[in-house]
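Next up is a structure, given as structure tokens.
Order as written gives the chain letters A, B, C, D and E; numbering starts at 1 within each chain.
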Amino acid sequence: MSAALLYALAGAALFAIGLAGLLLQPHLLRKILAFNILGSGAFLILVGLGQRDGIIDPVPQAMVLTGIVVAIAATALALALARQLLDLTGQMRLPEDRPDTEPADD
Amino acid sequence: MTDFPDPLPWLIVLPLLWGTLAFLLGPGRGGRLAIAAIALQGVLALQLAGQLLDDGSRVYAVGGWGAPLGIDLMADGLAAVMLLLTQAVALPLAVFARGYFAASPKGRELFWPLTGFLLAALNALFVSADLFNIYVTLELLGLAAVGLVAIAGGRQPVTAAMRYLFATLLGSGAYLLGVALIYGSYGSVSLAVLTPLLTSEAPLAVTLAAALILTGLLLKTALFPFHFWLPPAHGGAPAPVSALLSALVIKASFYLVLRLWLELFAPLATVAAAQLIGALGAAAILWGSWLALTQTRLKMLVAYSTVAQVGYLFLLFPLATLVPLGAADSAVQGGVMQAVAHGLAKAAMFAAAGSMIVATGRDDIGRLGGVGARLPLTLFSFGLAGVTLMGLPPSGGFSAKWLLLMAALESGQWWWVAVMIAGGLLTAAYVFKVLRRAFLPVAEGDRVTRVPRTLEFSAFALALAAILLGLFGAPLLELLAVGRAA
Amino acid sequence: MIDPWLPALVVLSSFLPGLVIFFLAEERIRLRTALNLIGAFAKIALIGVMLWGVLNDHEYVFRHTVLPGLDLVLKADALALLFVTLSAVLWLFTTLYAIGYLEGAPNRSRFFGFFSLCVTATVGVAMAGNLFTFFLFYELLTLATYPLVVHRGTEKALRAGHIYLAYTLGGGALLLIGTVWLYGVAGQVDFAPGGTLSTLTPDTAGQLQIIFLLLIAGLGVKAALVPLHGWLPMAMVAPAPVSALLHAVAVVKAGAFGIVRVVYEVYGIEFAQSLALLLPLAIAASITIIWGSLRALFQDDLKRRLAYSTVSQVAYIVLGVTLFGPLGTLGGLVHLVHQGIMKITLFFCAGNYAETLGIHKVSEMDGVGRRMPWTTLAFTLGAFGMIGVPPLAGFISKWYLGLGALEAGMPWVLAVLAASSLLNAAYFLPILHRAWFRPPSTAWPHESIPQRGRWETAPLLLLPPLATAAATLVVGLFAASDFSPLDWAKLIADREYLQWTP
Amino acid sequence: MKAWLTALTVLLCSGLALALGGAMLALPEFAVRLPAQVTANLDTSGVSHPVTAVLLNFRGYDTLLEVAVLLLALLGVFALSRHADEHAPRATPAHPVLQTLARLLAPLMVLVAGYLLWVGAHAPGGAFQAGAVLAAAGVLLRLAGLLPAWAQPGRLLRGGLALGLLVFLAVAVAGLPQGSLLHYPVSMAGALILLVEAGLTLSIGLTLAGLYLASAGAKR
Amino acid sequence: MTPALAFDLLLIAALLWSAARALTIADVFHAVVLFIVFGLLMALAWARLGAPDIALAEAAIGAGLTGALLLDAVGHLRARQREPEQ
């Protein structure tokens, strides 16, 4: 097993950790952390699997660079939304109940 | 290329350019620029469609490298149909938005640049033939959409935007993981390179990738039970935004599901998976329609209607998977027709709803009395859009349902017939819930003001287009056939 | 050649004025009236041209492909023209009547806009050249009539509108399933004399029977066949011109006409007979005839009584269709026209009583004949016609239905006809007795139009019922002459029976 | 949230991880191998560092869209901070030591950014890293209270933010007459890429700093 | 076990631990600090994968800028939570 594949496996674990956090954590900041961890997992898999034969592959590396920039963009937007929500509601979590007129579904 | 300018790259560059310029012009500016540019995009899309009809589908190597090293764009009939839909919906909506934000300025500051990027993302997504490039367009699309939901501020829209952002990020996360697995399996992300490589004996990683990618996209399309984020986001945003989101944005991820299912992942498709997607679609139709019926806010009703109408799109999968060729063709045509018809009709409906809300000063179905008398054209547009959603002839919605029904009968899957018919009746119920209120006289203490003409006429243009699609839909099907294996 | 466009022009002649009227300001009364009348007369003129052509074996077909294998076809054949002529002429009267009836009422632009759309749909139903086109206009009819039914905007009207929609959209759904299924089994089938399905392989017979059931159920809702008739008595909350439209010109007729088309021109009467589809339909029609009459007997509300009468009378048309043999066909087709003329007269009169004196109930009609003799005369003619008194229109229908029953070997139908005639008499004669022979009560419930010289009510309210009442008499008296409805129905029957020589 | 739901989620996520792991261990040989192709085309790409070649030439289109994503996120943040202005507390003056440090470090960081940009053509580095360093300088200055908040960017600032994307678009479109979007003539490829990267460095630096300054910075 | 492998395993363990802790630790501030640590570890991992470009970007953007944004948000959150007591 190459080191790259090892990191890809770690990426799978990170993705799962991030996914669980995103689904289970009610706190918005933690959801944002979880999303970043999930993304890092996917990036590791992309590069790790791409280099599983031990050859350095610049293509997935470039993709991950793109991905990291996208991730920070999304994170910044998410944080801005979370802060706005904090200002409006005094909480950093999504209300469990749905907006007033909407009956609870699912 | 003999044509100059080549429409394909300009369809992507142009909205990026005017979006950026609108940002440079300053808060709230750029509406006129946007309208002119979208009109030009419309011409380009028509030109592209003409090229495709003459010469068949085309591949465009960005930078001249070609797949797999570079990124390819690919335009076939399906992509052209979606491009046409996008510009056709965007143009009247841009006209509408200018009037709307003049009357109700909350959130107008950054509407135009965000819309420019949104349209660029859509156009780029429809013609992309590279899985990773699609990921970037998806993120561009998702962030633009979330930004648009939040532009008006306020507790409900910001909450909705937050929820929407997490949903869309989770969706693209799953998608990205899928892409990583595919690159890791084959060493390429080009659709053209991958399609012949992917067979029914693909490794487990690829099957997992397909599942992840499709699930992520279904989440972004808000297919039941992933619909939780859609109604507050679409119902809470300013009306032109709701219209753009419901008409176009969810169609983008649907388009990807369709394209990948029919092409790249076709060897992995099973009847069970197709039936499952169809069942989710059916549940969306019934549950979404039912919830639409119980709403008291007009825009929430229209938003839940989107949840239901999305369901129709997904009925095509069981009807097109491992069935006789004729039925499959008919199903795909029906599904695409539904996407187009719903796009036009739902844009019209949100625009009409926006006018009604501006006119009555509130978003309340119970207080619509007097709208019929003061805004007859708007109400008429709402009704016409409703006709399309109900699937009554002549309308694009009917053509779509007809094709899907034919496919269902031809492939012997009568249970979908029952779902479609029931959904049509439920749709009628919630559309008439609005119409009958609007026919009433003005309630005491309420005021209904007139709205600018542009608001009324842009909604009407969209609704009329949805109807005319039902009468003149044959050319669209001809275009759709370009590049699809006969 | 303009020929293919003629059917389309007939449809547009009310559609375009309707659209314009829809957006006219409320005060533009003259322009609105002018548009209405121009449309009505243009339609009649166009129909006149086509009547001449069809009589000389010409056919006018307009065809537009909507989707591959799905054509919009408008065809002016003999059967279409029978219905088109009826609805165009009655529309003219109804429009005149409605202009008088709604004088000063709110939302008239909307009303007349939908009114025109409604006739557009009816004309489309009449001239539909295949099931898809028929379905298209059939649904348009539902959408265009709904705003008319709820026009008054009262709770009661909204409720009636609800019921109306639930029934008709449900019916539409059944019709759609049947249509899609049929297209799946047989491909696109245009309406053609003698039907087209008999060429299909025998193993589809079972499917065709189910499809027939679906189609008839879908059409039966609008035709108000028991037990699908519930909406009709509810819908009489609508203004009188709308009731006239629903009962005589458009809605129930569209349903009945659809049944005619399906039996004769999709399945073919002989093929339908061979699939054993006619007898069940005949029984359903008979039940409807008796049940409608029975219910009418117990209604005090005048319009409700008339509504149940419609339930029963429209079923005569269906009954005629099911009597295998040209004479039954003749009876059914001619009743399509006769019932329209008679029932519109009755509703006009009922509207006059309500508008002029505020009379809504039979029990309030004592002596009304002295206050409103002309209206009551028209009502009397209509009622006698319904009972089947010779030489009025209704007699001709019942005569041929009776002959048709004998020809088809279904003598029990005679009993149905006799019983129903007796019931007709039982619910109409007491009204006439009250109107003519009882002394008037001291005050009318709500007299809103006073007597002015010779005019017992507004001229535009009085003239249409007089005209249609006269027509009731004329089509009966001159049934044997050229161009009478009976003569035209013979022409149609001629073309429907492949084996028949008169 | 109900405990059983939590347990189920954890279970499913673990299952996903295991499935992914299992699938990764059972992969066949690559069908396509890109590193060789990258190397083969490196000469005509205009740069000698493979990652930069992919980022700005072979897959430059991705990068073009990604720059748009970045600007877009900033637009979203602007849209939100616009509503928050009213209750934003004033910036508090920073510690003098921090101010001095910032004054010293910021120019140095600009130099580093310039170096990273330059070196990107043939070694690790490039517009993104350079932009990030530039942004860090901005954040530092802001923390030191030396930069104003950005909720309402002026015309000049908007120009700076948009510059990178506009330059990139211009270069992309300039390729159209030669054959395709983003087509660089071999002789000019290096110069064009440097031009694009220079524009990007400035805009990315401003945008990344803006993401901080428009939302986070505005409230301090 | 080669030293390289040992290092890799150790690094991966640290990555997983910091990620899991960042999501489960009670205090938000600690969570953010752990996340920054996670980002730095990721930069190391990228270096091990022969991707110095990503390592640089991750350190500067992933850990640096994201960290700054997150820390600021935590500060804002705490300020807000203290408000009612004032």
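Criterion: contacts are C-beta pairs under 8 Å (C-beta built on N, C-alpha and C of every residue); 3 or more make two chains touch, one makes a residue touch a chain.
Quantities reported herein were computed from a predicted structural model and do not represent experimental measurements.
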Interchain contact steps from chain A to chain C (minimum; 1 if touching): 2
Drop chain C from the picture, leave everything else in place, and list the groups of chains that still touch each other. one piece
If you average the C-alpha positions per chain, which one ends up nearest the average over all of them? B
Maximum inter-chain contact count - chain pair: B-D
What chain is the most remote from chain C, judged by the mean position of CA atoms in each chain? E
Whole-Å gap separating chain B and chain E, where each centre is the average of the chain's CA atoms: 38
Whole-Å separation of chain centres (CA-atom averages), chain C against chain D: 72
Averaged-CA centre spacing for the pair chain E and chain A, given as whole angstrom: 13
Can you work out the whole-Å distance between the CA centroids of chain C and chain E? 78
Could you list the positions in chain A whose residues touch two or more of the other chains? 8, 13, 15, 17-20, 43, 45, 48-49, 52, 56, 61, 63, 65-66, 68-70, 72-74, 76-77, 79, 81-84, 87
Contacts with two or more other chains occur in chain B at residues 132, 136, 139, 143, 146-147, 150, 153-154, 158, 177, 181, 184-185, 187
So which bits of chain C are touching at least two other chains? none
Chain pairs that touch, as defined at the top of this document: A-B, A-D, A-E, B-C, B-D, D-E
Help me check something: in the complex, which residues belonging to chain A touch chain B? 8, 11, 15, 18-19, 22, 28, 31, 35, 38-39, 41-43, 45-46, 48-50, 52, 60, 63, 66-67, 70, 73-74, 77-78, 81-82, 84-85, 88-89, 94-95, 98-99, 101-103, 105-106
Residue numbers of chain B touching chain D in their complex, please. 5-6, 9, 12-13, 16-17, 19-20, 23-24, 26, 60-65, 68-71, 107, 109-110, 113-114, 117, 120-121, 124, 132-133, 136-137, 139-140, 143-144, 146-147, 150-151, 153-154, 158, 177, 181, 184-188, 193, 197, 203-205, 208
Of all residues in chain E, which touch chain A in the complex? 4-5, 8-9, 12, 15-16, 19-20, 22-23, 28, 31-32, 35, 38, 42, 45-46, 48-51, 53-54, 57-58, 61-62, 65-66, 69-70, 73-74, 76-77, 80
Interfacial residue positions of chain D with respect to chain B in the complex: 19-20, 22-24, 26-28, 30-34, 37-38, 41, 57-62, 64-66, 68-69, 71-73, 75-76, 78-80, 82-83, 155, 158-159, 161-162, 165-166, 169, 172-173, 175-176, 179-184
Provide the residue numbers of chain E that touch chain D in the complex, in ascending order. 51-53, 55-57, 60-61, 64-65, 68-69, 72-73, 76
